[in-house]
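One structure follows; several queries about it will come next.
Letters are used for the chains, namely A, B, C, D, E and F, taken in the order the chains are written, and counting of residues starts over at 1 for each.
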Amino acid sequence: MYSVCVRDHFMIAHSFRGEVFGPAQKLHGATYVVDVEFRRKELDPDGIVVDIGRATEELNSILSGLNFQNLDEVAEFKGQNTTTEFLARVIFDRMVASIGKGDLGPNASGLTAMKVTLNESHVAWAAYEGAL
Amino acid sequence: MYSVCVRDHFMIAHSFRGEVFGPAQKLHGATYVVDVEFRRKELDPDGIVVDIGRATEELNSILSGLNFQNLDEVAEFKGQNTTTEFLARVIFDRMVASIGKGDLGPNASGLTAMKVTLNESHVAWAAYEGAL
Amino acid sequence: MYSVCVRDHFMIAHSFRGEVFGPAQKLHGATYVVDVEFRRKELDPDGIVVDIGRATEELNSILSGLNFQNLDEVAEFKGQNTTTEFLARVIFDRMVASIGKGDLGPNASGLTAMKVTLNESHVAWAAYEGAL
Amino acid sequence: MYSVCVRDHFMIAHSFRGEVFGPAQKLHGATYVVDVEFRRKELDPDGIVVDIGRATEELNSILSGLNFQNLDEVAEFKGQNTTTEFLARVIFDRMVASIGKGDLGPNASGLTAMKVTLNESHVAWAAYEGAL
Amino acid sequence: MYSVCVRDHFMIAHSFRGEVFGPAQKLHGATYVVDVEFRRKELDPDGIVVDIGRATEELNSILSGLNFQNLDEVAEFKGQNTTTEFLARVIFDRMVASIGKGDLGPNASGLTAMKVTLNESHVAWAAYEGAL
Amino acid sequence: MYSVCVRDHFMIAHSFRGEVFGPAQKLHGATYVVDVEFRRKELDPDGIVVDIGRATEELNSILSGLNFQNLDEVAEFKGQNTTTEFLARVIFDRMVASIGKGDLGPNASGLTAMKVTLNESHVAWAAYEGAL
């Protein structure tokens, strides 16, 4: 199994609902350093897992849709705790859509799995991974 | 598959028995920066993998039982090489017990796997992972 | 010159005023991983720069006053852009006050300089340093 | 499942063929920080996954065969894009051969899987992993 | 004293002349992860050290002039060992020129010092710093 | 001002005397990841700050004298708390002696300053720096 990973980041405000979140129930924010790992069984004809240039651009484009937002006011996330693990899934789903539309190139159809990790501090991170 | 990881550290003295360890057969020590990764298939009703506050406290509590010890004198480890990989398993087992006792909250019963990694320097680490 | 550094983090929401900030003029947020470095010419009688336990506790206490806040609503910062470099200075000043009150122990009076660094992502940080 | 990982690095020049590589079609170079992770189900009689001393030496020996080379002129890689993911596989295969020859000690025959990761910058890495 | 730092990277091929370089006399290459730190005594009217957006763009622009090059064939570096420390100075001088031309905004004239660090592996880096 | 830094690590056991150390008064241990930074005003005739190969070897040699030791039993440190900041000074002094003996090459006489940093965990480090 081969894998390639690219990294970028975004910065948002949000608040959580539920006692379990303690002081994080207040409006606060976070920097998320995002790693997206693409996996496949065999390399494509160019000898790569994915076009790393396109993957980087697509990740940047996906994060631009979240960057500098107050997630409490984003209609799509209404009534949802935008936890780190939840946001990892959001980015995973958006990247899956990008692959489906061909934004990572035709050979990206050979990708078999993906993992999205959001590093939120030097002591905590969350991730979502799944088959494609 | 979702995952959440928390980090803490502890510092111990120990020695190893066996030629394979070379100079590490002498009493020496290590700082272990510990990552504990919790995994589950679906998020709980709060939208999380695990209560990260409780997970952090529980990890701190488990490491407090090891921190500033000479492991050569800990009865439980008698006759055992307390290698990095062995200690990863010890912490894994203790965290499993904590989950069983409900110390990470009732929803932690939905966790399906865990991985404990001990970073011992900038060039070496060891881990133990398993299903729950 | 000797130095000792301790690390912790906090997570806040804020917005900036001024064209130079572009999309960061919207309410967003950040995780700041904070390094506080203490300096002195000679070690104290215990052979240390500062009591690292007390320094860690004091940093945690100072950051607790900022953590999980919307800085736009903090009276003290009214009319002020709470940039990373500005916040580094705020933490610097609060630690200076802590040293003055003796919260880092009597020997902390021998400290001669301090540097506070706020890491805001994997590609940017800001700092404030000064003599004591 | 237990794992142990060791780290080293090498520095090479190379160029790529194919439009997908853009400016990387020109002769350029890279530092690769290499992580080799060894996995096994149970620890060996010494309480370890692998002799970390031997693993480190063997990795250094394998990387010495690549370090300070212009990979475009290495006969073995003729007509091949020496991408990060491809090189991860090359190092994987060479380490498999080392294990087969007994260079990591007799107990290394109990290893069940391995993963080789090449970190090429602060924002990209690639890996190859497989069963043994 | 305030400081702000931004990070980017570039990948080049080169060779060195002189026995001191050993095997690095052969054509090889490197990834350099570059940190540029800007310093000033007081914040500008926006409450910043420098426009971090412009600083990031300017660094990217400067590195684009070096990225994916064989430095042995760059006329400007003829007869010169393009060591890490030498390249740190090159980037320092180019950023000084950018500041002089106003590319970092008018307030950048208040910068008093700068440091450029090139991280070449997990075990080595070099830097050049100076007053402005 | 130019600088070059090399990194290595060592692992020791020790205990401290004095209430300020709390539980660290017990025999425990640490991994220290060591950065040694060499500084000079102008590059030497080879275009370098110091022979990085020799600097790396010399650092390794100095750390070998400490690695895998119980510092409580080292005669030289009798009656001394071997704190992180104290050990930074010890390594500084030994490297100064190495430079004086010519072990880093004749051009190392042009070095003007040095800084030794000991990273003891992901949340703490200490350093000693001085002129040469």
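Just so we're on the same page, contacts are C-beta pairs under 8 Å (C-beta built on N, C-alpha and C of every residue); 3 or more make two chains touch, one makes a residue touch a chain.
Model, not experiment: these values are computed from the prediction.
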Determine the shortest chain-contact distance, in steps, between chain A and chain E. 2
Rotating chain D so that its CA atoms sit on those of chain F: what angle is that, to a multiple of 5 degrees? 180
Taking each chain's centre as the mean of its C-alpha atoms, which one ends up farthest from the centre of chain C? D
Proportion of interface numbers common to chain C and chain F (over half same, under half different): different
Rounded to the nearest Å, the gap between Cα centres of chain A and chain C is 30
Round to the nearest whole Å and give the separation of the Cα centres of chain B and chain E. 41
Contacts with 2+ other chains: residues of chain D: 7, 122-123
So in the complex, which bits of chain A are touching chain B? 18, 20-22, 80-86, 88-89, 122-130
In their shared complex, chain F is touched by residues of chain B numbered 7, 9, 11-14, 23-24, 26-33, 67-70, 120-123
Mind listing the chain A positions that touch chain D in their complex? 1-8, 43, 46-49, 51-53, 56, 105
